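Given below, in the form of structure tokens, are the structures.
Okay, so subunit A shows up in both of these, paired with subunit B first and subunit C after.
Right after this comes the complex of A and B.
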């Protein structure tokens, strides 16, 4: 059966509606995960052991369970306990919490990749811990973590498709709805795949640009 | 060439000619085979199924009592039994059959790609769908009912039609259309499988759900704390077998069987299944047939 291009064009406004929700969810989840990840990363590297252990336990908990299960847990489970969150908020929470865990480890890898000698040098010059961090370590660490962060953003964008299971009308759910009405599964899923590819392509491109822009030449 | 041929060796050159003729021969044979197999691809699935001696049916595994898996992981349900009947009529043995479970949006590519011989999965005939898959005549029409939590005071559709309630739908167009028509004020949530509707109801994300009456009755009978509203969202839902379009012989065969179930020589088989799964006779097809019960 030939691909029905007119069908795709006719339904572009519908795809657009879903795309808006997907972009909103992705951006919010990435933003929250970036901030939350930093908090968890510093807790994970804290000299105080209870904080360190709690952070390590948290990271294991969120990254060793599927994000879909976490979404179900937050959406249906919290609701049973009397705290009904909408599908969008439940999905956002699950995505931010899980990716916060992943991103914390990415930050830690970046920070620990900066030589201890530099930290000691900073301290020898009389800089405080936060000065060493903000002036010496983080600027180098953040550049090094750009590629793995971009990787993680791409994961977030693709994982937003999972919230279709908890009644959020994002791109994938709009596609499923359209497939249900018309049985045009090839047209619909091809279009959706291309849209996701464009979104993730933009992230990859931006990450390359950022790498060049912030590259440190020794 | 690794045959040790030396330049100017006549015999070897003759060999080359034979070889190129052989090559052309193989090429022609290959093309002929390709042509033949593509011609074979045009043969009806009816022949394919008979030759394979097994029917492959795409269905749901989570839609009781129509098609679901029992505690032993075996496919069971009204539609599963219909499929067994098809295998019996076609291959002489109800067990010469393989079931493939798919999700609701996975059912179209499953038949269009030829992975399954037919789809039999509480699928409603819908004009937009009929442009891409081919439906037989309906093997059943099912009403749509509404299941509500016991703590919802509404006793009628009119009372349920209120902004403070949320209705769980499957993400398909009939559900959306019906919600708009019968319960225009209610909020809606769209899920992709029947079991999610019920979890939404159970967890309190929704206060009501709509789905095919046999499925609603099954949930209500097996779970305390819920009740079925007496009124139905009374549009007619025709459920039919669907196949890849363009195979008239296969379609004609399946359509004939469905017709024979509903008002012909296999009406007894069909009635027995209605009794087994719904504890009642199918809607009478001929007014002069007296049915018990």
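Right after this comes the complex of A and C.
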């Protein structure tokens, strides 16, 4: 089966439209998950047990259920309750909530990998808990968690394809519609696969750069 | 107030869960076989084959599973291959997760101390014997916890086949919602069933991990 390059070129604007939505969704989801993950991580390490238990339960809950089911829960659930969320917002919420749980555990592993002596040293200098955290522990921990975070970012990019199931016109959905309309499945899926590979490739490349960049400082 | 819709349809959802388990078992078996094979190739094979392995890993890491499922669904019929959907689903998920499994096994094989290899070679063992009685028994034990973790991811990923129209737990949930118009209840129930499956596996994995630490 020969590859119809013209078909791909002709439909590039359409792919571009889908790509923009995919990139927007990925960036927003990872941004929210990074912030939310930090909140959950601190709750998970809190000295107060109710907070700690709640955070642990939350992490188990979002990690042990498929993100697709979470999307359906939010999308169909809220629309039935009369608070219709768009597919984009539902997908964004589900992705941020689930990956917030994963990222919280990544942060925690990073923070706990910083030696206790660092914390004690900070305290001995008269620093408050938040000073020790923000000036001593977090800068070291964040450098260590760059590779697993980049990995999670790649997972998020790949998982944005699932919002095609709740009617968001992102890359995968565009591909699906285009295939159903033109039957040029070969060209469409090849193009889309390459676009995803480029996106994930950029993230892993950036992660390697960041690792080197901060390794010097560290 | 009892979740009536969920209670009445729970048996139906459980039947969906049966299919999810079937799909998972099939794909776990396939991905494990692929994973072990690819890990061995990655460690031992000559350079050109290793490059092919790297390519396979690169593709699996960078392309969403859903795209591969769509490709199977839309493309294979044009090429003239008519797969039964369940088999197709198991094949795609198995091949996709084979890449992640191979990383689990490869890491375990490489994590063994070098003197294990040297000692086995010093005793004059052939490579096959060395793998069989020295490397595999230790590597599989090390791989156990991350293996269970990957299985968990795989079980969650089987939900994607509902998007290409296969009937399993998530699809059963969607049908039930269309019938009962109670999405919160039903999808919470669906999530609960997934949670039970994954949480028990995760707990088992943590136990394995603890036992591992005790051995060393």
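Heads up, the rule we're going with is that the second predicted complex is superposed on the first by the 215 of 218 C-alpha atoms of A that agree within 3 Å, B and C clash if a C-alpha of one lies under 4 Å from a C-alpha of the other, contacts with A are read in each partner's own complex, and residues count from 1 in each chain.
Basically, a residue touches a chain if its C-beta (ideal position, glycine included) is under 8 Å from a C-beta of that chain, and two chains touch if they have at least 3 such contacts.
In this text, all values refer to a predicted model and were calculated from it rather than measured experimentally.
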Overlay on subunit A: subunit C relative to subunit B, clash or fit: clash
Which superposed partner A:164 touches (first subunit B, second subunit C, both, neither): both
Subunit B versus subunit C as contact partner of A:26, first or second or both or neither: neither
Superposition-derived comparison: subunit B or subunit C, residues of subunit A touched: C
Contacts of A:96 with subunit B and subunit C, given as first, second, both or neither: neither
Partner chain in contact with A:60 - subunit B first, subunit C second, else both or neither: second
Which of subunit B and subunit C A:77 touches, first, second, both or neither: both
Subunit B versus subunit C as contact partner of A:182, first or second or both or neither: first
Of the stretches 24-32, 114-122 or 186-194 belonging to subunit B, the one that collides with subunit C: 114-122
Residues of subunit A that lie at the interface with subunit B and also at the interface with subunit C: 1, 76-77, 79-80, 164-165, 175-176, 179, 183, 185-186
Contacting residues of subunit A [partner subunit B, same complex]: 1, 75-77, 79-80, 82, 84, 87, 164-167, 169, 173, 175-177, 179-186
Footprint of subunit A on subunit B - complex, ascending: 104-106, 108-109, 112, 126, 128-129, 131-133, 168, 171-173, 176, 189-192, 196, 199-200, 202-205, 245
Complex contacts: residues of subunit C adjacent to subunit A: 58-59, 61-67, 70-71, 74-75, 78-79, 152, 156-157, 159-160, 162-163, 170, 173-174, 177, 181-184, 187-188, 190-191, 194-195, 198-199, 202
Touching residues (chain side subunit A, partner subunit C) in the complex: 1, 60-61, 63-70, 72-73, 76-77, 79-81, 154, 157-159, 161-162, 164-165, 172, 175-176, 179, 183, 185-186, 189, 192-193, 196-197, 200-201
